[in-house]
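Have a look at this one before I ask anything.
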Amino acid sequence: MNIHEYQAREILESYGVSVPRAGVASTPDEARQLAVEFGGRVAVKAQVHAGGRGKAGGVKLVQAPDEAAEAAAGMLGTNLVTHQTKAGGAPVRKVLVAELTDIADELYVAITMDADAKAAMVMASSEGGVEIEEVAANTPNKIVRHAVDPLIGLSPYHARDIAMKIGVPTDLVQPATGLITNLCRVFQELDASLVEINPLVVTTDGRVMALDAKIAFEDDALFRHREILDLEDSEQNDELEQKAHDAGLAYVKLDGGRVGCMVNGAGLAMATMDITKTAGAAPANFLDVGGGAAEDKIAEAFEIIVSDDDVEVILVNLFGGILRCDVAARGIVMGAQYTGTQMPLVVAMRGTNANEGLQILADAGLNVTTVGDLGEAATALTQVLGADGSNA
Amino acid sequence: MGILVDENTRLLVQGLGRDGSFQASSCRAYGTNMVAGVHPRRDGTKFEDEVPIFETVAEAVEATGANVGLIFVPAAGAADAIIEQVDAGLPLVVCISEGVPVQDMVTTLAYIEGKSSRLLGPNCPGLIHPSSRAKVGIIPGNILSEGRVGVVSRSGTLTYEAVMQLTDLGIGQSTCIGIGGDPLHGTTFVDVLEMFENDDETDAIVMIGEIGGTKEQQAAEFIKNHVTKSVVGAIVGQTAPPGKRMGHAGAVITGKAALASEKIRGLKEAGVHVAESAAVIGAKMAEVLGR
Amino acid sequence: MNIHEYQAREILESYGVSVPRAGVASTPDEARQLAVEFGGRVAVKAQVHAGGRGKAGGVKLVQAPDEAAEAAAGMLGTNLVTHQTKAGGAPVRKVLVAELTDIADELYVAITMDADAKAAMVMASSEGGVEIEEVAANTPNKIVRHAVDPLIGLSPYHARDIAMKIGVPTDLVQPATGLITNLCRVFQELDASLVEINPLVVTTDGRVMALDAKIAFEDDALFRHREILDLEDSEQNDELEQKAHDAGLAYVKLDGGRVGCMVNGAGLAMATMDITKTAGAAPANFLDVGGGAAEDKIAEAFEIIVSDDDVEVILVNLFGGILRCDVAARGIVMGAQYTGTQMPLVVAMRGTNANEGLQILADAGLNVTTVGDLGEAATALTQVLGADGSNA
Amino acid sequence: MGILVDENTRLLVQGLGRDGSFQASSCRAYGTNMVAGVHPRRDGTKFEDEVPIFETVAEAVEATGANVGLIFVPAAGAADAIIEQVDAGLPLVVCISEGVPVQDMVTTLAYIEGKSSRLLGPNCPGLIHPSSRAKVGIIPGNILSEGRVGVVSRSGTLTYEAVMQLTDLGIGQSTCIGIGGDPLHGTTFVDVLEMFENDDETDAIVMIGEIGGTKEQQAAEFIKNHVTKSVVGAIVGQTAPPGKRMGHAGAVITGKAALASEKIRGLKEAGVHVAESAAVIGAKMAEVLGR
């Protein structure tokens, strides 16, 4: 789950991480007032769940309150399109107005989960203000990595070592050490999946602070952080993804495809997506209905796929395990009846109660092509999409 | 004898709710010797009128000599169940539960280290050994056939797909194992590959990976240096976009190494016979075996 | 550091531990109002830092608001003497007014630090409402112990196991498990040295709650819990001990002695206390001036000893290590000048700069008997206290 | 060769504030080979114009081959310093710092377990080996004399008292060690007793305990079963009241086992020659040695 920069900033502040003075504005006038409060020279930053705001005009540095209001007026109510947003962009409902600081140096520090280290990993670099992927590609030796010990956490001496290695000036190593330690506390105590400060700045007046902050949370741990759930801005999410999320479905909308996929199991779902290529088409979505899905959940999944305007055919590939195919079939019938769709279905059902499931679909009179496995599914898909499937 | 479960398996199932009961039942139906259940407030009762249910794992192990634990408890309590089973000394702990918070696994894996238990999962379908009719998990038994190909996969249902292809082509399986789709899990590809390499019952191996992480590269490295048996590989997620979690917590393209194409390249360099798509895993194995 | 029951109760509540409804009263009228709020039937409990309140009349169970006011009036402003207080008792400034609950069973649970296990230790028993020492002495098999793993903390399954073993009814095992887990969080997150719930009650209406709570904190960790420091009620402490504590000195007032002891090092201080027995006397205090004590700290320690009315002679035993004897001597001279005392001093000084120290004392003209070691100190003490030291 | 420090000791001192510098200086003056200092912001400078100071322990060990670490950093940072020294692979880590939060020691001791470093302390005076002029800590060197009695104690200054009594009676010491007054510490009585028992330089042992905990009882048990050399013991705190912390965090009478009388009884049962008071430890040893 992602949150806005202003929310991340508030969390960091509550953990004792230094951040520039700032406030949130929903109107140009509020932005003006904040600029007045901060002495006129401020950054006005569009609050969207996407990187690349700077190049897209979502960050303006201004010198006076009126300019701040003007910048805010130019952002609020629009959709900001960056290289990370969907084509339509993301709606800007709020801007962050932050005091400008005189920057002596821009650094980078982030914490993620590392599967190989089986631990949280601190990544830091002397190269801040640019995307870390660039640094990793061009000058990988400028990235410092340290795995956080599960028993003792991030030792202060390691935090200190990291601060020194990324070039924090000697007299600021101590506050930087505290800052890095606190970032680690945020990551661990709140079950974050990412805490990224880019840039971490050293100011000309001798402070270290988090100038921009990105925090994402581990979805699987949100159940124990109710207060974080309240931070979610569902408007920033894709509408179908949000609907699927609310229904407890793992769904990802994919650009440019016309084959709707309904699968159980993430691996099989990816295999099913990949197989559309064999049919000369492309998947419109990833969808894993999960393990013990009940009828109504399957029905909801079906409705989400059908309500995607890109979808022309639905590829159902279910392998009964915890999921029972008869239950799934009843859910599909329910969804089809509710949406009234006539869309063609290519269906593979195997495993637990597969025959019962296929029988239920047949009895319901849906436009179903039954197939035996993934290979047959590709063939059937080609037929359904027409001879020249590659135009899809 | 299978590489991890076989006719000597004495199964304990923890978490006998709706799904756990259904699956425990099918483990038994397949032929697995389930000796104990563990479920709160059902102490003293019996599962299917035959298998005693206990309040704690320690009691169950003490009373029944269980040697494999299977976990179906909800994600929030899964790490605790793993620790309880490890503390009770079960040599093999299989955790099916999906959605375990990754930080729970950080401490749990650190805790297990150096102890005598092996963990399979979480978020895995478990494993099955058809020749001894031992099933520990949720892999549908009817799709398997006895034979000499070992199957290991990060996925659940995709494993079934591959197994079914093999069975349809008359290629039986020795042991079939799902290691799970979470980024942090117990038993890895490398662990299973090593077991298959040393397994008298196994002639060739199917390994199914996916986008995210670098576990497939580690497997490739191991195959190159230590595996003499033929390996057929497949990687799914070629059409997945970067930065999006494809269901499995571990299936996210976070960098170049996490791409399907990179993994396929690594496997090919290690001499693995890579199937062009998941639809032809069985066919690839048939080709490799010269059938 | 100890805190009051009402403060412990608030901490527990903030950690989600069930406690009876209660409030604090400083006047009989406040007590009456609280009793009204809780329906009349309440317990009025004197807030002092000592156990044994019940037998001493510090806990009254009443049936009506007027009785609550009366009970409070009888306690507030008095000094409560229990078997754990000093002879003069402890001042009662506040009473806790708590709703009465109908108790089905009284249990016990506590968490302490265990040196042998090198970990926090949960101790629990089916025998609540009595002192755990009694249970330990009479029916030790009724005490359940579980060491908390430093990496994973108290596993829920262990908390559950403890709850079952102490006889929590089956349908209340789950809330009891949560309660025990939360007590452990209090212990670990707040660096407590003791969290004790006695009794933990099962009520007739099917709840488990902490009826009485005692929390003490690790002094060495208070530096990272400023908010806990604010809870200290220094009025409950011995006046001299409080003064020493404020000065950063390890000092314990001992009843019935007349030999004031000033020593550096806890072990040597205990040995010095013990040696007064050889002289037929008894120590008036334990005092370790600590490692790197400066002059003014030594002076303050000296003043505290002198201001103890029981003290007739001062035994100084210093072994220079981190402490330098010359520094200590200057501190003693400073203290003696400030207090103007003529009290006899028996002084042993060895180690770092011992000769300089003894010279400084000699030059200052104090009433000093210099001795070479502990044995000589005993002899000198006997002489100073008079032939019949055993009358001391 | 001493049991832990000797002529091969290459000392690293971490924390060169006022007290640390004073004590490091006297370690050097005694004859100890101090090869490195570690102190923030003094990287590149030298201690007493001779010993290089580094920013981190790892750098210092790498550059100087230090093999014993001595810690004087304030209590709040002491656990971190111990971990830094253990991570740097120092075989012996001696922590003088007093007032380390006990929960810091819970995790630190768990972290050290299984690693190759031995921890002495915290809240201890360190150790000293007069025959090789190796002093690591704060025990005043001038009170020691070369000889064949090993001294181990929970206390600092009380150890000096005992050593001085021995020296005054012409009884020299092999190695003198303070294990520290905190309830949770690294090296224990049992560890040191075992080293003295196996030490060619040691003929007899002085062991000084105090109220609180059960470490003396564990020592008594060990002595009874494994120590053949004569042991003179003393326990202080006979006049301490229950429930009050006597300076040392570990010196609290929390129950019967924590009483001085109980500990004395245990030691006597183990054949230890217990001194009636701390004033006659030396005399007792003289008696035992027949001098």
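Odds and ends about this structure:
Should a chain be cited, it is by its letter among A, B, C and D, assigned in written order, with residues numbered from 1 in that chain.
Note that a contact is a pair of C-beta atoms (placed from the backbone, for glycine too) under 8 Å apart; a residue touches a chain by one contact, two chains touch by 3 or more.
Only a predicted model underlies this, so the values are computations on that prediction, with no experimental measurement involved.
More C-beta pairs in contact connect the chains of A-B than those of the other pair, out of A-B and A-D. Centroid to centroid, with C-alpha atoms defining each point, chain A and chain B lie 28 Å apart. Note: centroid distance chain A to chain C, computed from Cα atoms, is 52 Å.
Spacing of chain B relative to chain C, judged by their CA centroids, is 55 angstrom. Looking at chain D, one finds that residues 107, 110 touch two or more other chains. The residues of chain A that reach two or more other chains are 150-151, listed in rising order.
Arrangement of the chains shown, judged by which pairs touch: an irregular graph that fits none of the line, ring, star or complete shapes.
Listed by label, the pairs of touching chains are A-B, A-C, A-D, B-C, C-D. Residues of chain C that touch chain D in their complex: 113, 115-116, 118-120, 133, 136, 150-151, 188, 191, 193, 218-221, 223-224, 250, 252, 254-255, 263-271, 273-278, 282-283, 286, 288, 290-292, 318-322, 350-352, 373-375, 377-378. Per the touch definition, chain C reaches chain B in the complex via residues 149, 151-152, 155-157, 160-161, 164, 170-171, 173-174. The part of chain A that touches chain C in the complex is made up of residues 150-151. Within the complex formed with chain A, the residues of chain B that make contact are 18-19, 22-23, 26, 75-76, 96, 98-107, 109-110, 125, 138-140, 142-143, 153-161, 164-165, 168, 181, 183-184, 208, 210-211, 213-215, 218, 234, 236-241, 244-251, 255, 277-280.
Residue ranges on chain D touching chain A, taken from their complex, read 40-41, 55-57, 77, 80-81, 83-84, 107-108, 110-111.
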